[in-house]
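Structure record follows, encoded as structure tokens.
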Amino acid sequence: MRDGIQPIIVAGGGEIARIYINAVRALNSGEAILDEMGIGASRLNARVIIAGLGNNAYPVVPTSTDEISLALASGKAVVLGGLYPGHSTNATAALVAEISKADLFLNATNVDGVYSEDPKTSKNARKFDSIDTQTLLRLIRRSPIRAGSYELMDPLSIMIIERSKIKTRVILCSPQNIREAVKGVPVGTEIFVVK
Amino acid sequence: MRDGIQPIIVAGGGEIARIYINAVRALNSGEAILDEMGIGASRLNARVIIAGLGNNAYPVVPTSTDEISLALASGKAVVLGGLYPGHSTNATAALVAEISKADLFLNATNVDGVYSEDPKTSKNARKFDSIDTQTLLRLIRRSPIRAGSYELMDPLSIMIIERSKIKTRVILCSPQNIREAVKGVPVGTEIFVVK
Amino acid sequence: MRDGIQPIIVAGGGEIARIYINAVRALNSGEAILDEMGIGASRLNARVIIAGLGNNAYPVVPTSTDEISLALASGKAVVLGGLYPGHSTNATAALVAEISKADLFLNATNVDGVYSEDPKTSKNARKFDSIDTQTLLRLIRRSPIRAGSYELMDPLSIMIIERSKIKTRVILCSPQNIREAVKGVPVGTEIFVVK
Amino acid sequence: MRDGIQPIIVAGGGEIARIYINAVRALNSGEAILDEMGIGASRLNARVIIAGLGNNAYPVVPTSTDEISLALASGKAVVLGGLYPGHSTNATAALVAEISKADLFLNATNVDGVYSEDPKTSKNARKFDSIDTQTLLRLIRRSPIRAGSYELMDPLSIMIIERSKIKTRVILCSPQNIREAVKGVPVGTEIFVVK
Amino acid sequence: MRDGIQPIIVAGGGEIARIYINAVRALNSGEAILDEMGIGASRLNARVIIAGLGNNAYPVVPTSTDEISLALASGKAVVLGGLYPGHSTNATAALVAEISKADLFLNATNVDGVYSEDPKTSKNARKFDSIDTQTLLRLIRRSPIRAGSYELMDPLSIMIIERSKIKTRVILCSPQNIREAVKGVPVGTEIFVVK
Amino acid sequence: MRDGIQPIIVAGGGEIARIYINAVRALNSGEAILDEMGIGASRLNARVIIAGLGNNAYPVVPTSTDEISLALASGKAVVLGGLYPGHSTNATAALVAEISKADLFLNATNVDGVYSEDPKTSKNARKFDSIDTQTLLRLIRRSPIRAGSYELMDPLSIMIIERSKIKTRVILCSPQNIREAVKGVPVGTEIFVVK
């Protein structure tokens, strides 16, 4: 890749995953199948991204850690969706960052960082420039803001970040923010591991 | 299955396939990937149907003729989506009817049979009680009604119906029509092969 | 199976997993590969169990949710090892209980239930007859007994038990305890979900 | 590859496919299995070609569009046989030309181009220097020359050539003709798409 | 199966394997690929047999020991071709007899048993009613009759027969001989293991 | 790889294979499963070696000849375990040497070459500098030293060495011996094929 950077992109399931999950939930056929629907939709989303990247992307969506290793060996951008039932997109991305020994794990989402409280409902919400994983874990567990924070980073992803000391940053998703974060500009919130 | 009938259901891609196909077409990355998106979406749709059928259905979506053979051997309802790029849902369904030596191939669609002209635009449109494959093929090729008829039955599916003399019926999709067609009531339009 | 019971057995990695994990950890090649070694060893352990069960067992170790569904359809005892990196044996077992809509999830381990404190180090340790998932989660998080409790039941497995309301029991592993738990005798500690 | 050209070769089933197809047809076990026999034989033929090309060829016969994408990424000559039941060798080759965005699709066969009538039976047969897809389609459908023309190019391959505007040429198979066609010499018959 | 017998049939490569092997040998591309060509051809032959057996046969050709285990669980006749390079058809059949714990391994071939010398060239050739594996091994190694005997039973198949004490019989291939051998009639030559 | 050498390493099952094989043998469930346990353990061993080699190694353990071909095309060191039941590690290594057209097959083991008798039990044991395959085969068959020699090189591996004339050397396993053997220093015992 240009500039010696090999991006690995983990697509979420998005709106279409929600449509399928709602359809199947109405059939009352269990939670496990819901995860599978989300994984299926996220893989279709990954194919759209691959189509957009053309020859810059590895042409196939990897579906296991072995396939990820083979895809990484190509030197091209690797795009995947969900991997396993029970894993959020965040946990999948953390796992892929671990497998690939990524220099940086960017959680590009719809808020511009981690807040002390839900910024949508509280005036006192304060954005962190950086936060350690244990503090983040306690924050996530505090019930009032649980639901929203869960989306940000869940316990499994934090466990993986900790055990492999993965450099992590939560940013608002935009081409400019991604570019800056890659260059080392301190956008969003850095998540760090206390040794 | 109850009554000694083993249904095989081929799901189309529907609205979600169209969303993905439009997204990818806008990226100008070729037609082949569009078929793949449609197949991916139709397989998610097949999973929804499997979830709805519960223990009456084979639990996995087959993706090749060998997997279809194994699924059929279970005696349960088999639900699949698209199989191969370049095949319409109709052609896939005809192929599956051929592989499984199905007693009846039902094309359950949004019109109640085959018409001499497009019933939406022509007052003179006449519904056929039955039509032979070669006449249907000529009808499909006549340009004014081509686009719509294509959806009804394409040349590859007609070729398969012919070579394996598959008993076929085009019906308006409804539980009652399906039940009646299975019982032998002459709903919709029968497609037959002249020997 | 005899008595209308279809057991599903999830083997852990045990001593051999620890040998491999220690060997690879010494090579300093990352945490992700350690999970893979554990999964590999647990699948060999699963094969030993299958060999012991003979014709009562499904002959192959399933490695994905689709393969589990097909194995379950055989009506035979299903034996598997780990499924995915990042999942403990407990989380895998909970996931399999969810997929299979199991009537009972038995965590057969080396303690005879859940204790208020580590029974090896504290005289005040009290065994619970039953405990709800949220209390168990708080117990696991309390640092002094964290390490040991983690083995008992980790956050991901509790999350799955909660979302699918899986009837769960932690018991000391012995043929008699398993037999009794299956019959409904209240051995060990019941884990329940507060609605 | 030398000269910046990456050939993709689609082998037909040939004589051995015909032996198998005749053997199975005699067993009266349906048409679908015949296609499978032809695909199997064509893949063995593809292996022979790979053996002949040695290190210039991708070492494995791809059997799906994803595997074709991975093979193409190697930069080596890619050799495959049939892909899917219901697809002629021509349709497979057209599909592969579409997937790979090939600059040129050569149908190297046993006649030196497309004729107005069967050159073996009619003195008036005239060879086309070029022909558009719609005219070719009408020619194929005209019954007297149908059987022979079918081999030349079938409706599905023409549909794919049209939808992706693939530059196509029907030539008599010989090393010299292939070399010239690649250089742009107008051998055989060009098939073009009217916009 | 009828009469409580589940046949497992291992097809050889036959004439078509020889055609492919000769074609590839002429390309001088190594011995390993020759085995692969033979395996490919034998699997096509297996499909022909499956087509002939119709619903009495497992519909797919197994290609690994796990797939054989799953096929056996169906209770239907299982038909396969070669499995692995380096294995003769005899060795494959012996391995399958071992995996399936077969009651009887029939080597149905073109001679009516094991002879002391090549019956085609020596008047003194004497047919054995039974022969132990070690004597057979010495017979095979004696150079004058090596080539022909090799076809009969090779060292790897004898090793497998020995280690698993598989009841084995070499017979002239005919429906009647197979029927009689299954009933226990002492046709051909019995191969036995000295304890 | 450095120095233009691409090593291919075939790991044996070692101590852990023996543990599993003993466990399963005690269950009396047949010999075939024992081979499978050995293959499983050797593949875990292969993963440990891959972890140790880091980026110098192909990241995945190949499990078939096609996967070996793809791994070789990467230009990296390829590490595998067992491939097929019925094959010793030696036979697997010989097969891989054949597939890859290796310049040299090194059997790095726990003795420093081939001896005329078992060096542990006989004072008269003489080490060969070189030995031809047919003499080696006779040596292996001579019962007193059979068991030990078998480990050195079995009949199937000798057959493969012969048919493909693979340059082979049996050496005491040590980094220095491997380095020297690769450079052409005559360490251990050379095995050669008489034309």
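For this structure, a couple of remarks:
In order of appearance the chains are A, B, C, D, E and F, and numbering begins at 1 in each one.
One rule holds in what follows: contacts are C-beta pairs under 8 Å (C-beta built on N, C-alpha and C of every residue); 3 or more make two chains touch, one makes a residue touch a chain.
Note that the coordinates shown come from a computational prediction; the quantities given were computed from them, not determined experimentally.
Listed here as common contacts of subunit C and subunit D: A, B, E, F.
Which listed pair repeats C-F comes down to matching contact pairs by residue number; over half match for D-E among A-C, D-E or B-D.
Compared with subunit C, the chain whose C-alpha mean position is the greatest distance off is D.
Distance from the centre of subunit A peaks at E, each centre being the average of the chain's Cα atoms.
Spacing of subunit A relative to subunit F, judged by their CA centroids, is 44 angstrom. In terms of their C-alpha centroids, the spacing between subunit E and subunit F amounts to 27 Å. Shared contact sites, meaning residues of subunit C that touch two or more other chains, fall at 36.
Taken as a graph of touching chains, this assembly fits none of the simple shapes: it is neither a line, a ring, a star nor a complete graph. Chain pairs that touch one another, listed by label: A-B, A-C, A-D, A-F, B-C, B-D, B-E, C-E, C-F, D-E, D-F, E-F.
On subunit C, the positions that touch subunit F within their shared complex are 16, 19-20, 23-24, 27, 29, 33, 36-37, 40-41, 43-44, 47-48, 51-52, 54. Of all residues in subunit A, those touching subunit C in their complex are 30-32, 36, 65, 83-87, 91, 95, 98-99, 101, 141, 155-156, 160, 163-164. Of all residues in subunit E, those touching subunit C in their complex are 66, 69-70, 72-73. The part of subunit B that touches subunit C in the complex is made up of residues 58-60, 74.
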